[in-house]
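Note that subunit A is present in both complexes that follow, paired respectively with subunit B and with subunit C.
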Partner chain A sequence: MSVSLRSVPPPASAPRSPVRLQGDPGRPLTTSRGMSRMARQGLALLLIVWFALPLVPLVLWGLAEQWSFPARLPTEWGLGGVSSALAAGGAEAFARSLTLGLTVATIATPLGAVAARGLVNGWAPMPRTLTALLFSPLLIPAFVAALGTNILLLRAHVPPVMGLVLVLVAMAVPYTAFVLRTAYAAHDVGYEEEARTLGASRRRVLWQVHIPLLTPALARAAFLAFLVGWSDYIVTVFVGGGQVVTLPLVTASAASGVGNDAVVAVLSLAAILPPVVLLAVLANSRWRTEGAV
Partner chain B sequence: MTPGPARFLVLVAAIPAAIVVVGGLGFTVAQSLGLLPLVGPARLSVDAYTGVASELPSSIAVSVGIAVASTTLAVLVGGTAAVLIVAGGRLARVLIGLGAATVTVPHLIGAAAIGLLLADSGLLARTFQVPPTDWPSLVGGPWWVAVILEYAWKEAAFVALVVAGTLTTRVARFDETAAVLGANRATRLRLVLLPLAAPSVILTGAITFIYTLGSYEVAWLLGRTYPEPLSVMAVRLYGEVSLTTRPEAAAVAVVIVTLSTLVAAAAFTLLRRSAVWR
Partner chain C sequence: MGAIALAVAGLLTLNACTTPDSSSDTSTLATYTEWNEVLADADGQTVDLWMWGGDEQGNAYVDNVLTPAAAERGVTLNRVPIADTGEALNRMLSEVQAGRTDDGSVDLVWVNGDNFRTGREANAWLCEWTSLLPNMELVSSADPLLTEDFGTPVNGCEAPWNKAQFTFAYNSDVVTDPPTTVAGLLEWAEDHPGRFTYPAPPDFTGSAFLRHVLYSVSGGYENVPAEYTEADFVDLTPELYDTLAGVAPFLWRGGDTYPADSDQLNSLYADGQVDFTMTYGPATLTQLVEDGTYPAATKVLSLEDGTLGNASFLAIPANAADAAGAMVVTDTALSVEQQVAKADPATWGQFTVVDYDKLSENDLSAFKALPESPVVPSFDVLSTDANPELAAEWVPALDEGWRTSIPAGR
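On to the complex of A and B.
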């Protein structure tokens, strides 16, 4: 059998014939048209309103200096809500939430990677039991996990902040392990073997081949783990023992009172923006060819 | 990395889950059975369960009712959004962006936002110029409307993204083939799209249901105080000063975990029966 190495030029694309055969609609059969197309777009607009509507009062109240009741729009615009939110400890709470989210991401991402790699490569002992254990925190409501673990940690004299991080990491590992298991299943160890053959040390292969190849998945996993720490309310209340006053806690105390609408809106916007910015960065980064978040 | 240390590291990864699930759940069950009293000797008893027995039926009804309503709405809205996202176009891209942003909003923040939208002095009441006395009590009212809508809003985005994600990779070829073979739009929806979407719909629906059943902050912020959902009741009992209430809180927690496990088992059975589940 002979193998030709000469590349074959691609056939020149034939000009599209304006002549249609009988019954040819001239567009893919699956594309909607006419009434069906209008209905589809109307439905899409309705859904856009559904998803965007709850954010509207946050923006309006966030920019309202005064908004007496029957008025449709704020009666006086201004940033009074921002200064009230700062006075309520918003900035400190923001910093604490950020630290908590980053701490959870920093611990849960490598743990998820180790678990995922072990499960994919068949190193893990008792893989079925281990998978069930790793994913079981998803099945247990956060406050049940918090309540039981709290008793255990108090009896073991573990400091509240450490206990809080432990519970949140356990709740984040299912997400990081899931994302990274998919990534490791598609990961080609050939690159690492080649680097080893060329004389690179294990450490160097890890930092210069392994981690760069998995960066997109690691970033997605870290983002999800960050969200677990950033969003949590009930575990922080229970296990944090009042020592860690995060943004959701400050927002909750403002929202359960009356007449704090502007403060609630500003704190809420502060809680919504960082993940959305991170999401936009992830979606537009150079890794986007690997798939959206 | 050699299998030796890797094997050890895999076990390290499971330590937090082991402490939280085995330890947390074990201590909760033990406390509900009177084995971990704050003072005095441990004694096996079901006093904590009989103590909350009179309130349990109404609380279970409220919790399950909220979970059923929220999950149904989330699956309907999210499923529709997924079908529209898969169809593509400019509006589909807006939907993806909004959906992804919604998924990242913490539930507590979502509850605050829904409160500002639906309360009797909220944005909608102002927009339609309805005086507070005539505005339906959506927040803190008898039908838990604001609570259900908050869960449905957030979880619909989650359902939409996951279902769209599984559909985009597989649906186009099947859909085209069916269209060429003469299937009309309704037939393709029924025989191609829905069966392909079924596993991810069941999975996201079950996750939504279990999350809603065990979630606290939304029902606490937007709900009413009687009858209480299970999670609100458990947290209140845990916070009370009396010595008997902590085991009772643990008993309510055990009830929630039992219900969640039943739902998860049912979802898993359904998944295994669905045709395209691998």
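On to the complex of A and C.
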């Protein structure tokens, strides 16, 4: 018997359509209108300004060949900062950071999912202790954790790059586990049971029902895990042993000298780009309105 | 990065516990006796050079000039940029503490002063290897600047790379009658309220400024013993702090606050908020004036008292995995071609460590043919009457004294 799993019941809130179909209750009560709508949009605009404002000086510095006090704008414009950033190995560092962030996300997201599912479903023994353990990396300052674990990893002859990924994954799992625990708490296993009743294999249920339903939460978790790898400095220096020269390393070392404002600005902007792009992708994905958690 | 200094101190204490006799000479000595053995081992090695990455020209020199030269001798050079040399030390000491004594990930470090001394105290450097390098022949063995590193005997535990001379720079458009002594400089500051300041010690540069004033109020460096004793400190420093407290109200922002580090002072100078800056790396001045960061009228102040001089070195950790390769890189860095290229202000402008008296006519002319910087005079001029550095123990004592004696430091 072949069952079309595509005919799984439609998500709770169907996409809004300008044409009012039969049975459509009309505008939901949660949609604001009038003054409150204006206030909401005004607040959103203020938030955008709030987040964009700090970037303005960065952009200006990135394009400034010369900018001396008390001039309000750069006195000479140019792309010297960009070429200096490339000369400093910015492009290679960017690629390494990207790889590191993606690696951490790829490992920490499924791990977080397993932990979250176990905790929510009550499979896990001693759930309180386990939760405390799982979240402990957030409580210990990264600096202390990096120094302490580094000695252990060195004793165990763990190669620096592997140690680096290991420590960063441990630091990312609390985030992925937290996001996914909330998602699993709201997750309705009814869909999966129905698919099983209709004869789908466990594997098929996992890939075609379970994961699609959890995609928004998985994407959010992966994003946070990516950020842990993308932005790390301390662990990359101490545990990575200089084997992985990432964007934060190049940026920090450039920032420790004088006359490097343009390079530092360009490198910092490059560091902001991937998270912003990922965030935009996350916000605009088609499953945004579905099964929001 | 105070946290790193703290962590290094912590690791040192741990190491001291495991090796109680760390004060006695248990230095790790190079196992090589012949340069040919070094060359054979070095072939194919990858050397990780950990160096402070805040100097764009220095980074470019290593990447574009030194690295290809090392590659010609079969060694791959990999520059690891760090924000603080203490990070390299931290890595080395962690490795040693974990019992990783022969496969360390740091092969070569650009180092001097306090970091070198810290490494010496922990026996973390490889020693007695510099005499193996053929190009060490070009370096004077009697130059006190190269045999002692801030009072710590070098003992073949690091090879000289660059010389530096502490330099005051000023904007000659504004300062038309520049002072000629350190005392005169402080007088100028009193006559021009708000136009002079110095980085707050323990900043490296601010700390060096303290030593200049100490020499000045003591009537010259000859009157300050290089070795630290508490008696000398009590005897010599009250006048230093009285002088600095006296000038404080006339400094930038009335001495209520000081630039936290040399970067901040440099920014104040670049922005025209003060008329003097100071640096232990005058090599960068040429570039900073050329690219417009500093005023075009920037000039180097020539002082009758002379200024402090030091050298920076390349050191190999005792546990380096690629020590032979690191020796070959160091030897390459000491070659006439590399020292000439590095001294060119357009490349890096770092003063050479080779002794002109030991050069052939041909090699000497290569140095003489270097373009002169429009801002920085040649090293011979700059280092006239150079003052020797004090032993490293003086530095924290002077810094702490400043903190307790000068109101804004408290």
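Here, the second predicted complex is superposed on the first by the 233 of 293 C-alpha atoms of A that agree within 3 Å, B and C clash if a C-alpha of one lies under 4 Å from a C-alpha of the other, contacts with A are read in each partner's own complex, and residues count from 1 in each chain.
Simple rule for what comes next: a residue touches a chain if its C-beta (ideal position, glycine included) is under 8 Å from a C-beta of that chain, and two chains touch if they have at least 3 such contacts.
Values in this document were obtained by computation on a predicted structure and should not be read as measured data.
J.: May I ask you to decide whether A:V281 touches subunit B, subunit C, both, or neither, giving the answer as first, second, both or neither?
T.: Touch partners of A:V281: none, neither subunit B nor subunit C.
J.: Tell me which partner A:A252 touches in the superposition: subunit B (first), subunit C (second), both or neither.
T.: both
J.: Quick check for you: in the superposed arrangement, does A:I211 touch first (subunit B), second (subunit C), both or neither?
T.: The answer is neither, since A:I211 touches no partner chain.
J.: One more residue to check, A:V59. First (subunit B), second (subunit C), both or neither?
T.: neither
J.: Residues of subunit A touched by subunit B versus by subunit C: which partner has the larger set?
T.: It is B that touches the greater number of subunit A residues.
J.: Output check: A:S84 vs subunit B and subunit C. Expected answer is one of first, second, both, neither. What do you get?
T.: second
J.: Thinking of the overlay built on chain A, is A:G241 touched by subunit B (first), by subunit C (second), by both, or by neither?
T.: A:G241 contacts subunit C only, not subunit B.
J.: Regarding the shared-chain residue A:A39, is it in contact with subunit B (first), subunit C (second), both, or neither?
T.: After superposing on A, A:A39 lies clear of both subunit B and subunit C.
J.: Counting only touches as set out at the top, which of subunit B and subunit C does A:V189 meet: first, second, both, neither?
T.: It touches nothing on subunit B or subunit C.
J.: Regarding the shared-chain residue A:E76, is it in contact with subunit B (first), subunit C (second), both, or neither?
T.: second
J.: Using the superposition described at the top, list the residues of subunit A that contact subunit B and also contact subunit C.
T.: Common to the two interfaces on subunit A: residues 69-70, 143, 147, 151-152, 238, 252, 255-256.
J.: Flag every residue of subunit A that touches subunit C in the complex, lowest number first.
T.: Residues in contact with subunit C: 65-66, 68-70, 75-76, 80, 84, 87-89, 143, 147, 150-152, 154-155, 157, 160, 237-238, 241-243, 245, 249-250, 252-260, 263.
J.: Which stretch or stretches of subunit A touch subunit B in the complex?
T.: 28-30, 32, 36, 40-41, 43-45, 47-48, 50-58, 60-61, 69-72, 111-112, 114-115, 117-119, 121, 123-125, 130, 133-134, 136-149, 151-152, 166-167, 169-171, 173-174, 177, 202, 227, 230-234, 238, 248, 251-252, 255-256, 261, 264-265, 267-268, 271-272, 275-276, 279, 283, 292-293
J.: Under the definition above, what is the set of subunit B residues touching subunit A in their complex?
T.: Against subunit A, subunit B makes touches at 1, 3, 6-7, 9-14, 16-28, 31, 36, 77, 80-81, 84, 87, 89, 91-92, 94-96, 98-102, 104-117, 121-123, 126-127, 129, 131-132, 153, 156-157, 172, 175-176, 179-180, 185, 188, 207, 210-211, 213-217, 221, 231, 234-235, 238, 249-250, 253, 256-257, 260-261, 264.
J.: Quick check: in the complex, which residue numbers of subunit C touch subunit A?
T.: Contact set of subunit C toward subunit A: 3, 7, 48, 50, 52-56, 59-60, 63, 80-84, 87, 90-91, 94-95, 97-100, 105-106, 262-263, 266-267, 270-273, 284, 287-288, 291-293.
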